[in-house]
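When the chains are written out, they are named A, B, C, D, E and F in that same order, and each has its own residue count from 1.
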Amino acid sequence: MEPVEYENASEEVRAIFDDIKSARNVPDVNNFWKYLANDPRMLDHVWSALKDVMGSGGHLDPVVKELIYIAVSITNGCEYCQVSHTAAARKKGATDEMLKEMHAIVGLANMTNRLATAYRVPLD
Amino acid sequence: MEPVEYENASEEVRAIFDDIKSARNVPDVNNFWKYLANDPRMLDHVWSALKDVMGSGGHLDPVVKELIYIAVSITNGCEYCQVSHTAAARKKGATDEMLKEMHAIVGLANMTNRLATAYRVPLD
Amino acid sequence: MEPVEYENASEEVRAIFDDIKSARNVPDVNNFWKYLANDPRMLDHVWSALKDVMGSGGHLDPVVKELIYIAVSITNGCEYCQVSHTAAARKKGATDEMLKEMHAIVGLANMTNRLATAYRVPLD
Amino acid sequence: MEPVEYENASEEVRAIFDDIKSARNVPDVNNFWKYLANDPRMLDHVWSALKDVMGSGGHLDPVVKELIYIAVSITNGCEYCQVSHTAAARKKGATDEMLKEMHAIVGLANMTNRLATAYRVPLD
Amino acid sequence: MEPVEYENASEEVRAIFDDIKSARNVPDVNNFWKYLANDPRMLDHVWSALKDVMGSGGHLDPVVKELIYIAVSITNGCEYCQVSHTAAARKKGATDEMLKEMHAIVGLANMTNRLATAYRVPLD
Amino acid sequence: MEPVEYENASEEVRAIFDDIKSARNVPDVNNFWKYLANDPRMLDHVWSALKDVMGSGGHLDPVVKELIYIAVSITNGCEYCQVSHTAAARKKGATDEMLKEMHAIVGLANMTNRLATAYRVPLD
């Protein structure tokens, strides 16, 4: 399916695109939103949840939220999400040192996850 | 395979168990280490890497490191790692609110990872 | 390994290629079969099972079967299978609306799968 | 974290529980919702999206939607989701024959997903 | 669904059960086959492929085949397959030392798989 | 992040690169190591563990070790690891026939892993 560009979008989709641009202070929305706009209902649900959870409110620092997001995306092998959230993390203040430390944790967790399974370790 | 208890462990394994107990200030090591001790070489590699990365030094807060660890473990469906690192996170200061926020991010990232794949979204 | 083209294929492989072309009413087999033909034994097993299960007989509509196939392929991040079975689904009558609804379900299931794990929800 | 029972729930959570019970015509909500109620914001987002997508409207039959949901849950190894959505599928009319056919497709798709990766098959 | 026991099985299923018992020299088939017998068509396809590939012929030692099987099962978190194929591996001669070495490789591969993804390492 | 080339590397990283080149008898290290060198601490841990486990000592043949490594990498969809370890396996003596047999096992294990989950087969 093709991405939905602003000029061809419905009123409903344009309103969400405008909200994304304003919340993130960007001139255009990322490709993810343009493709998801093929399904306006999901565009609405996903944006509304992400806006709520990934925004600056809450109990975790916005950079930390992005690091968790990237860690999951790497584990799932989703390159698009990894790259776009790494850009977001950097914009919010993540440094190379923080990203590398997160990478190390992702590598180690994936190793110990499988070792715990391999040895069938019972809960403590 | 059976867990290796301290009293039956080799000198080499005992030294690592002692180091774990001292670094974590706990009276006994977790089941993970007792099972992994069946392979002393890997016990050494894994502990040495975890000690380095998950300790209090570095560029991320110890609580944040644990949250990343748990996020990966949930995504991989490793119950043992999820439970043991949630306990570690709480011990280091993670609150229910922080854990719930991390859970929300894990859920959302898993959804958007697959949606980005479903729509074959190209890199921005 | 290189794909096996019809003109270079053994009698055994040609017979399977012919059966695929006839069952699917296509002039040539997809790349998947050409590569798998490096292992004629698996070519036979895989085609024989797919022909049985994905064909028009059975208890599910052929379009529904393809949608399930694609949902798994997206979850596993297999782009080749996702693309080739989306083409097959369309050929059998799947519409954009059906594909988008399946995408939404895949996204939501991946989210709730991890949330159920995160909260360690016991069976009802 | 503990499940949130109706009698201890906030007004906000009770309203969502009531909506789930009414939409599904059940006397009580499943454990999934009770646990997710620890995070009322996500309870709202997840229910609102599931209600929209998995309901009887749309372009796919409700049974088909459940089959897709289960196929993803099996692939991700989420036993809770597999069991609860199998119950939902049966309630909506799924037969043993349909479930077994879906199981077969899940098995075959997982096999061919990895074979396509193993042979690095290029897009057709 | 319930397992299919020999005494209640169809002729077709009994013939396959007999073949499994004879090929593996065991008094009864494993639970996997009893459950899969709910779908006789898949029982036939799966057994026929496994018999061909996992048997003593071929280019890899039967123990090596089992080790590969277990490594995949651990990575996928399938406890049933891990346990049943570990038993099969031992029966065919796998030692604790071999199993532990395989576990170590599974752990390391899972770590480096994610690190290669994290750093987006291009093919050499 | 950019790869670290020998001429720009720190003493510490150069020493590890030299050790890799000498242990593997290659003129230059693979891209994996150049990227991982952004985090010298992990470079050290990963190389030290891989050198120990994947080397010629131990209880499994070096070719077998590589086959297990590749099987995990295919299951995880890590193309870089799959390709680089397939090259390593061939260099150590793996034939096309052995690789194809491993591919078949990976496909079958992925299928039966999900079928065992689908039927919720209890341990024997």
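Points to keep in mind about this one:
Going forward, a contact is a pair of C-beta atoms (placed from the backbone, for glycine too) under 8 Å apart; a residue touches a chain by one contact, two chains touch by 3 or more.
What you see is a predicted model, and the numbers here were worked out from it, not measured in a lab.
Steps from chain B to chain F, taking the shortest chain of touch contacts, total 1. Common neighbours of chain B and chain D, listed by label, are A, C, E, F. If you take chain D and chain E together, the chains in touch with both are A, B, C, F. A count of C-beta contacts for the chain pairs D-F and C-E puts D-F on top. Note that among the pairs D-E, C-E or B-D, C-E reproduces the B-F interface, with over half of its contact pairs the same by residue number.
In the CA-based superposition of chain C onto chain D, the rotation angle is 180 degrees, rounded to steps of 5. Distance from the chain A centre to the chain B centre is 22 Å, each centre being the mean of its Cα atoms. Centroids built from CA atoms put chain C at 36 Å from chain B. Distance between chain A and chain F, defined via averaged C-alpha coordinates, is recorded as 29 Å.
Residue positions of chain E touching 2 or more other chains: 1, 38, 41-42, 46, 49, 53, 75-79, 83, 101, 103-104, 106-108, 110-115, 117, 119-120.
Viewed as a contact network, the protein chains are fully connected, with every chain touching every other. Residue ranges of chain D in contact with chain B, taken from their complex: 1, 38-39, 41-42, 46, 76-78. Partner chain B is touched in their complex by these residues of chain E: 77, 96, 99-101, 103-104, 107. Those residues of chain C lying in contact with chain B across their complex are 74-75, 77, 79, 82-83, 103, 106-108, 110-115, 117-120. Within the complex formed with chain A, the chain D residues making contact are 41-42, 45, 48-49, 52-53. For chain A in complex with chain B, the residues that touch the partner chain are 1, 30-32, 35-36, 38, 42, 46, 49-50, 53-54, 58-60, 64-65, 67-69, 71-73, 75-76, 78-81, 83-84, 87, 95, 97-98, 101-102, 104-106, 108-117, 119-124.
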